[in-house]
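Letters A, B, C and D mark the chains in the order given here, with residues in each chain numbered from 1 onward.
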Amino acid sequence: MFDDLSSRAEEHSSQSTRDRIWRVIFLSDTKSGKAFDILLLWIIGMSVFVVMLESVPTIQEHHRRLFVRLEWVFTILFTIEYIIRIWVVRNKKAYIFSFFGVVDLLSLIPTYLTLIIAGPQYLLVVRVLRLLRVFRILKMARHIGEANLLINAFRASFTKITVFLFLVLAVTLILGTMMYIVEGVIANNPGFSSIPQSVYWGIVTISTVGYGDVTPITVAGKVISTIIILIGYGTIAVPTGIVTAELNMNMAKIRPDKRICRECGHQGHDTKARYCKMCGTEL
Amino acid sequence: MFDDLSSRAEEHSSQSTRDRIWRVIFLSDTKSGKAFDILLLWIIGMSVFVVMLESVPTIQEHHRRLFVRLEWVFTILFTIEYIIRIWVVRNKKAYIFSFFGVVDLLSLIPTYLTLIIAGPQYLLVVRVLRLLRVFRILKMARHIGEANLLINAFRASFTKITVFLFLVLAVTLILGTMMYIVEGVIANNPGFSSIPQSVYWGIVTISTVGYGDVTPITVAGKVISTIIILIGYGTIAVPTGIVTAELNMNMAKIRPDKRICRECGHQGHDTKARYCKMCGTEL
Amino acid sequence: MFDDLSSRAEEHSSQSTRDRIWRVIFLSDTKSGKAFDILLLWIIGMSVFVVMLESVPTIQEHHRRLFVRLEWVFTILFTIEYIIRIWVVRNKKAYIFSFFGVVDLLSLIPTYLTLIIAGPQYLLVVRVLRLLRVFRILKMARHIGEANLLINAFRASFTKITVFLFLVLAVTLILGTMMYIVEGVIANNPGFSSIPQSVYWGIVTISTVGYGDVTPITVAGKVISTIIILIGYGTIAVPTGIVTAELNMNMAKIRPDKRICRECGHQGHDTKARYCKMCGTEL
Amino acid sequence: MFDDLSSRAEEHSSQSTRDRIWRVIFLSDTKSGKAFDILLLWIIGMSVFVVMLESVPTIQEHHRRLFVRLEWVFTILFTIEYIIRIWVVRNKKAYIFSFFGVVDLLSLIPTYLTLIIAGPQYLLVVRVLRLLRVFRILKMARHIGEANLLINAFRASFTKITVFLFLVLAVTLILGTMMYIVEGVIANNPGFSSIPQSVYWGIVTISTVGYGDVTPITVAGKVISTIIILIGYGTIAVPTGIVTAELNMNMAKIRPDKRICRECGHQGHDTKARYCKMCGTEL
């Protein structure tokens, strides 16, 4: 996500103005680059905060004008930034259709749309995705290793967790239908007026969220609830177990000793290894 | 579950029409077999979706006829499929009484029952179990190893989790009875009108679901609630710990290869290793 | 808990009638002993079930007489059993003051108390503790190793979890007091009418139970709620992590190879060990 | 936190009165020092309990005078203790600005403030932090190793959990805004009257707390709720996994002794091992 753009840093050794601006805006390996990124993050954070405040009725009544102005200030700033980004980057197409390119554009459109129709200003909250750039600054710091660890463990767990969620949803669907028959059809409980409604209740229950907006009123319904709760209680362990086991694997891999084989240069030996596992040379 | 039927694939090398159909319907190792399975999964998914929609009052009012027709279309399709399955399979008894044979039959009956009595069409939701065939397609892919891992860890954890749930239920029963005396008998809280009702509350609480349909109103009741919550908070760790530890074990077992060094007999080499890490002999 | 009584099994090789009865009642290593235990467990289960049903108003109204009779039947059976237990056991004092001796007595008293005063029959639910004898039968089976594993992991985790719960309670107390000031004193929210009440809310929240009987209504209260929720979300991991790590340790310990040193008879060597770690003999 | 003060214990071998008092108050390695600490903890616990009770309306009405007196007794006791602490400690500045020095002072001020203005007596609950001294007594016992383990695992997990919480908050913000548009703007659900309000709901939901004070009423709202619940269900595993993996690492590190075999240099022996398990040399 970040690398395709930043890896081109080396090519730009001859520093034209455009290249220097590119370095400041797209990278954070220089002092001014880091300062730009931190400033940008603050402005993005403030603009998201303004969108959130604007939605509060009591605040909006008294400060409507201020908010409209602030929104335009942020939008114009971000528009200028977006234009400069397109100007300085070499592969313009790659940037525009990259994840951050799309997010950058989506962060501008809603304000311009308010000129035509009312309402879409709340879509500006998509700007929070721009804050993900914070990870680019962190890249320079020690956090990147840990972020990678998380991402790797998550990716490795993904199919397992999906398989698991599918099974949980199948169980929820069947028990939800039973609840629809027992509570909705027989006892006329308004919270179980249809199967989708009962499945909503089932997911709220099996995940242990338990709003309480829909609750069983019959004895049979309470028995089925107890079963679905016990299933949820026993199975919430599964995704946790999956992620933990993956993290355990990854952490064990990352922290091994740093010996390098003198013959083949292989690194990443088992701590107990005496000989290189790639070429057989004594370590 | 899958293997008893599919392992017979090799016997059928002489390809009669019946055998070819059998291969398409029961296996997914050919292109047409896989296509059939994916088509079947889509139709099953749609038929389950129709059953769910049918239960929504506002939709049912306007489209009752459409739903009845769709249901019959799906049921007739599945009936034809069921008959073909019985025709092509060699050991008919084994299929009919297998898990999927029973589910296939149960997916048909409710619609035919609606000819005699009203109501059972919602039982058609059992069709969602037919979707479990999705794992047969996945068998061809890398998912099977991970599914096995999950199943093994779950099986190994089962008795431990059962012992644990029994202890939790015993604690819930005793504390629920105390709540019945404190809240139901003394304070006349309608939510604790009997011991089973109090136990229902106890399970909702200890599992951290917490609907809020039944809550303590007395000081003593709130103190007991706090105790049961702290027990739940401290013990939800246990099933998680069990599953995680099992997964850890299984993952550690599955990943390393089983090569043994001819020289020193060391086992537990890295999958990519070429030389024994203990004595340097080529593996 | 079990061993002090059952270890005496060997002494009783000369089989008097009393000793034979003792063997049947206290041990489950013979066919009749196991049969007696299973019969006892069923009767206990039924007696607990009767106590539960008796508390349901609609059932009690119609069958009051039946329940009173059933209760006396169970109580007289258990009284006879208790007297026989005291008669056959050699060290009577040890049995009477053991965990099960006390539970056996407590299971009888409430019924006799109903002759004098009304009400205590619900205390009979303490009989559920007698069901813990089920573990004595399981002792013969493979479950015992797993139960031990759980108990060991739990014992090892206990002080750590206690330290952790103390910290969580301290945080809950401070944030609960803040909520009392913000919601109870300033905003007059009836759910936060006192500090203990606010602490009750805090525990319900931080454990993710979330009844919803007490909820914040002010902005400041919702901000503090969010903080306490995020703390709970981040820390529920801790007891789980503790139990899992302990289980991991214990499982790794329990499953090692079964080699026994020829010299010193030490068992429990590391799988990779070549020499006995106690006496240095080659394994 | 503790060490900077207690490490100076050795210097004070010549025992003046002041030094003897210092030893009793600041350390717990002598009989009288331990007795003082336990007495202090009981008094602190009681003073916190009094502050809690004082906030209960029904209790306060009848015993207002008693509570005011008790509060002054505790405050004067703690003031004397605070003055003695400053008197006996050598590096007064270090104590006053240490964590416990600040907490000790904050535990006194609110009572004195009640002479000028009403209300701040509830701030006395900060005294619960003084209870953290309990860990100093435990230092003498085996608990310290386990506390360290917890602290290390927590510190190591901290950045990972922060990164994770940031991602969760970003997701909650975006889905919360969608809920604001769907439920608040379109369906006029009063619980989603602004974006901050919707984000509050999102955090209550994704953490599986689920108060139920704010719940979706539209179909689209329930679908988004289901998504946010499934995300929460799938991701609550992540902080648990992180803490567990860290604890696993730390426990593995702490337990094995650090002896190295003189012959083969193997490290990682069992604590009870007498001979090297790799070459049989006596350790």
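Simple rule for what comes next: a residue touches a chain if its C-beta (ideal position, glycine included) is under 8 Å from a C-beta of that chain, and two chains touch if they have at least 3 such contacts.
Everything numeric here is computed off the predicted structure, so don't read it as measured data.
Interface residue usage between chain A and chain D, two copies of one sequence, is largely distinct: under half of the residue numbers at the contact are used by both copies. Note on interfaces A-C and A-B: more C-beta pairs are in contact across A-B. Mean C-alpha positions place chain A and chain B at a centre distance of 28 Å.
Averaged C-alpha coordinates give centres for chain A and chain C that are 41 Å from one another. Chain C has residues 196-197, 208-212, 236, 240-242, 244, 248, 272 in contact with two or more other chains. On the side of chain B, the complex with chain D involves touching residues 208-212, 240, 244. Within the complex formed with chain B, the chain C residues making contact are 48, 51-53, 55-57, 119, 122-123, 125-126, 128-129, 131-132, 134, 138, 143, 146-147, 149-150, 153-154, 157, 161, 165, 196-197, 200, 203-204, 207-213, 236, 239-244, 246-248, 251, 255, 272.
Contacts from chain A toward chain B in the complex involve residues 159-160, 163-164, 166, 170, 173-174, 177, 180-181, 184-185, 193-197, 199, 205, 208-212, 215, 219, 222, 225-226, 229-230, 232-234, 236-238, 240-242, 244-245, 248-249, 269-270, 272-282.
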